Amino acid sequence: MRSLTQALRRFAAGDRLAALALGVLCVMLFLGVFGPWLPLGDPTKLAAGPRLSPPSWEFPFGTDELGRSFLPRVVEGIRYTFLLASMAVAITAVLGTLLGMLAAYLGRFVDQAVARFADLLFAFPPLLAGLLVAAVAGPGALSVIAVISAATLPLFIRVIRSASLSLAERGFVIAAEVAGASTWRILIRHILPNVMSAAIVQLTYALSIAMIIESALSFLGLGEQPPRASLGTLLRVSSVYLTIAPWLVGFAGIVLSLAIVSVNLLGDGLRDRVDPLRGRPLT
Amino acid sequence: MRILTFLGSRVLFALITLTGASLLVFIALRLVPGGFADVVLGPFVTPEAREILTARFGLDQPVWVQFVKWFLALFQGDLGTSLVTQQPVAAELLRRLPVTAELAFLSLLFALSLGLPLGVASATASTHGGGRFGRMVGALGASVPDFVLGSLFIFVFSVWSLGLKAGGYTPLAEDPIENLLGMILPAVTLGVFGMALILRTTRDAVLTVLTEGYIAAAVARGDTPRQILRHHVLRNASVLVLTVSATYFGYLLGGAVIVEVLFSVPGVGFYIYSGLLNRDYAVVQGGVLFVAALFVLLNMLVDLAYVLIDPRIGASRSQQ
Amino acid sequence: MSALVEAQDLDLIYAGETGPVQALDGLDLTLGAGDTLAIVGESGSGKSTLGLAMGRLLPPEAERRSGSLTIAGTPVFEAKQEEVRRLRRETLGFVFQNPMSALDPTMRIGRQVARACGRAASENHVQGLLARAELEAPEQLVRRYPHELSGGMAQRVVIAMAIARGPALLVADEPTASLDVSIRAKVMATLLALQRESGASLVLLTHDLHLAARHCQSLAVMYAGRIVETGPSAAVLSRPGHPYTKGLLAAAAGNEAPGEALQPIPGLPPMLHKPAKDCSFAPRCPYVERRCQELRPGARLLGRKQVACHFAERLLAGDER
């Protein structure tokens, strides 16, 4: 944990790219949270302007097929995309950390069971799992969250398991065992703090995957249902007008890609700090 | 003996995963709210139609009997029958598999031919404090969703015809050139993520190998960077790259739904997606299981291939 | 004929996030062709840094501040990339501590050794080389992978690779430390036999005074990045001229009188961040006086030894503390 705070502190100085990404994410989070109170226009007001009008002073991102201003729509899309992705990743993080630690610490049967469970989840490509879940439970936010969690869980479990594995044999864990600490206490007090940095790095990668899956499912019509719209939903609707109003797909696509690339760059930067991989020069 | 244990455990794990997957898919469709028959047949159902369906799927039998029957049928290659076309799902899937496989192959080709050299270059450059370009390309490629990229391609190539076709599939047997022209854009759209994935994996794998003692030893013997890369780095890094490439290929075989829909490529993903739109649940059920099985088998084959690459697993054979 | 290895006032640091660490601090060293020299010191004394510097194999964060290092007429730090590679190929042979990590796990022994021999090494040549390193059944060995070898066998393979092109200088960094105690002496004997046979010079880097004295004509004791005492092994060992050498001897097992306890040197070696102005050993030295903190002692020739201590004469005369 200490290494992580140090990492964050030296971040801005050492890694401009990651610091920039962090800045972009902060702006997006701010827009997502406070969007409704910002003077950007009403995302729900129909026929606020002409339909499918190009970007103008009044409508910076143009208007959509129902004449709504597209900028507040995109801001709303950011909100839903981040909301769904982070809720799903939160579930993954809690479950994955727990299962990974248990597998590593208890070993044997539990380890095998967790590994097979991860294999099983891993066997379903996320979008097909999305099709299946949509068939069963209908499209919607809950289905999306379930699919994302299932898709990101295996990687999370594997990373936490291998990070915990080396710890389970270490002196301080064995000392705690000898002192009679319960399994839970050892997991929470001794192992968890030491896998935290690995978990946080993995969290950022899981978030980027989550945003991709969320928007892809929404693009297929299996995600958030209108009138609520994530960035993927906006892209789905806008792609119908791709040739006559390309700016709609353009703005939504750029904002979505920018969000995901920022998360990824942040993850890269964090990982470089927490677990620097420095090979030897060949000269 | 060790190698047999290794091979045996891989096959066993694959079987466990496949059984689990089929159970999961079976349960999923039993969970449909309102009952399987209602969902399949829709709200305006006659009692006769319901009876026919019940008889065909054995819905009046206990659930476990239904599962066992379904499970046994799977072993005979029976994935069920389409409710719409009345065709066996397995045959339909197999008919479309070559299309998806071609797309997956082209995407992997694109991903490897760019991702491998960029990954190696980025890793070696980063030992001198460089490699930012590779890192940037890796992050970008892993971030732009395929439907955004696909939309961009469709827009660009439909406004300015640049020789490639965006949408409109020609079977390979009919006209290989036309087929390829139509496949390039979907393959690149799919392959960009793979390129980033392979770039990052290669970079990490190479950097990890570069920390090893035998690399330092080779440098100390006066080998040139080129020799060291060729003889020591690439082979040792290839295990990880192979694993990720295979996983990616498996993902492409089933995960190409969006690109197939976007570019109207009549492959496996497109078929399963239309199954969902037509409320043809037998197709969704069979299709998802089919793809999962492909994925598991492919990963099992890769595990077995390790024996050939890494002598620490394989050499125990020659010792006996 | 100039010396094979010549280091003058070598000053080298490692740049770190918490500031530079002084690894070599005004190091002087001369080694003639065919000589065997053991460099003895604790971990952190800079002996491994010196060994790596001979092949310019230091990590990128290492930086030479001043001084020079010349090997077989090649100025190591100034030479072009290709010259350094030729030096490594033709003049130097390295043997590192851990033989298992020095061999590529995915390549058969035969091919690795052949690659070390250079272009177009015949199967016979490779097997002959392995036989010279006293490895049995080389015709089977060439088809093995490293993980099928014992540590001792692997180190013999590494030694065979190091002498493959007839180097003028062998650098062996703790070559037997990772091996089983029972085979250390035999592997060491092989290394020395091959060194004598080929007429190469040997630099042996070790923390083991007795191993050093047994196998090498001369001995150099390193402390905090510089050589504090150097001379013929027997002379250094029988009558140390530096308090640190004396301390090392007292702390080393093997020459204590029955019933006598080993005496550890109190304190820890310093971690320097810039060149020292005083004697770096002063905080741990039982002989310390005021001038040790004011003036850094230079190396002085006393008989056949060079000692960097203000009180070398007193120690040599038998002053006990």
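Letters A, B and C name the chains as they come in the text, with residue numbers starting at 1 for each one.
Quick note on the criterion: a residue touches a chain if its C-beta (ideal position, glycine included) is under 8 Å from a C-beta of that chain, and two chains touch if they have at least 3 such contacts.
Note that the structure is predicted; figures quoted are calculated from it, not measured.
Pairwise, the chains sharing the most contacting C-beta pairs are A-B. Seen from the Cα centre of subunit B, the chain whose own Cα centre is farthest off is C. Centre-to-centre separation of subunit B and subunit C, using mean CA positions: 53 Å.
Centres computed as Cα averages put subunit A at a distance of 22 Å from subunit B. Within subunit B, contacts with two or more other chains are made by residues 127-128, 216, 219.
Multi-chain contact residues of subunit A (touching two or more other chains) are listed as 280-281, 283.
Residue positions 60 of subunit C each touch two or more of the other chains. If you check the complex, the residues on subunit A that touch subunit C are 280-281, 283.
The touching residues of subunit C, when paired with subunit B in their complex, are 55, 57, 60, 85-90, 92, 94, 96, 98, 100-107, 115-116, 144-145, 147-148, 158, 161. Of all the residues in subunit B, the ones that touch subunit C in their complex are 127-129, 212-214, 216-224, 231-232, 235-236, 309-312, 315, 319.
Those residues of subunit B lying in contact with subunit A across their complex are 13, 16-17, 20-21, 24-25, 28-29, 31-33, 123-124, 126-128, 132, 135-136, 138-140, 142-148, 151-152, 154-155, 158-159, 204, 206-211, 215-216, 219, 225, 228-229, 250-251, 254-255, 257-258, 261, 269, 272-273, 275-276, 281, 284-285, 287-288, 291-292, 295-296.
Interface of subunit A with subunit B (complex): residues 17, 116, 119-120, 123-129, 131-137, 208, 212, 215-216, 219-220, 232, 235, 239, 242-243, 246, 249, 253, 256-257, 260-261, 263-265, 268, 277-283.
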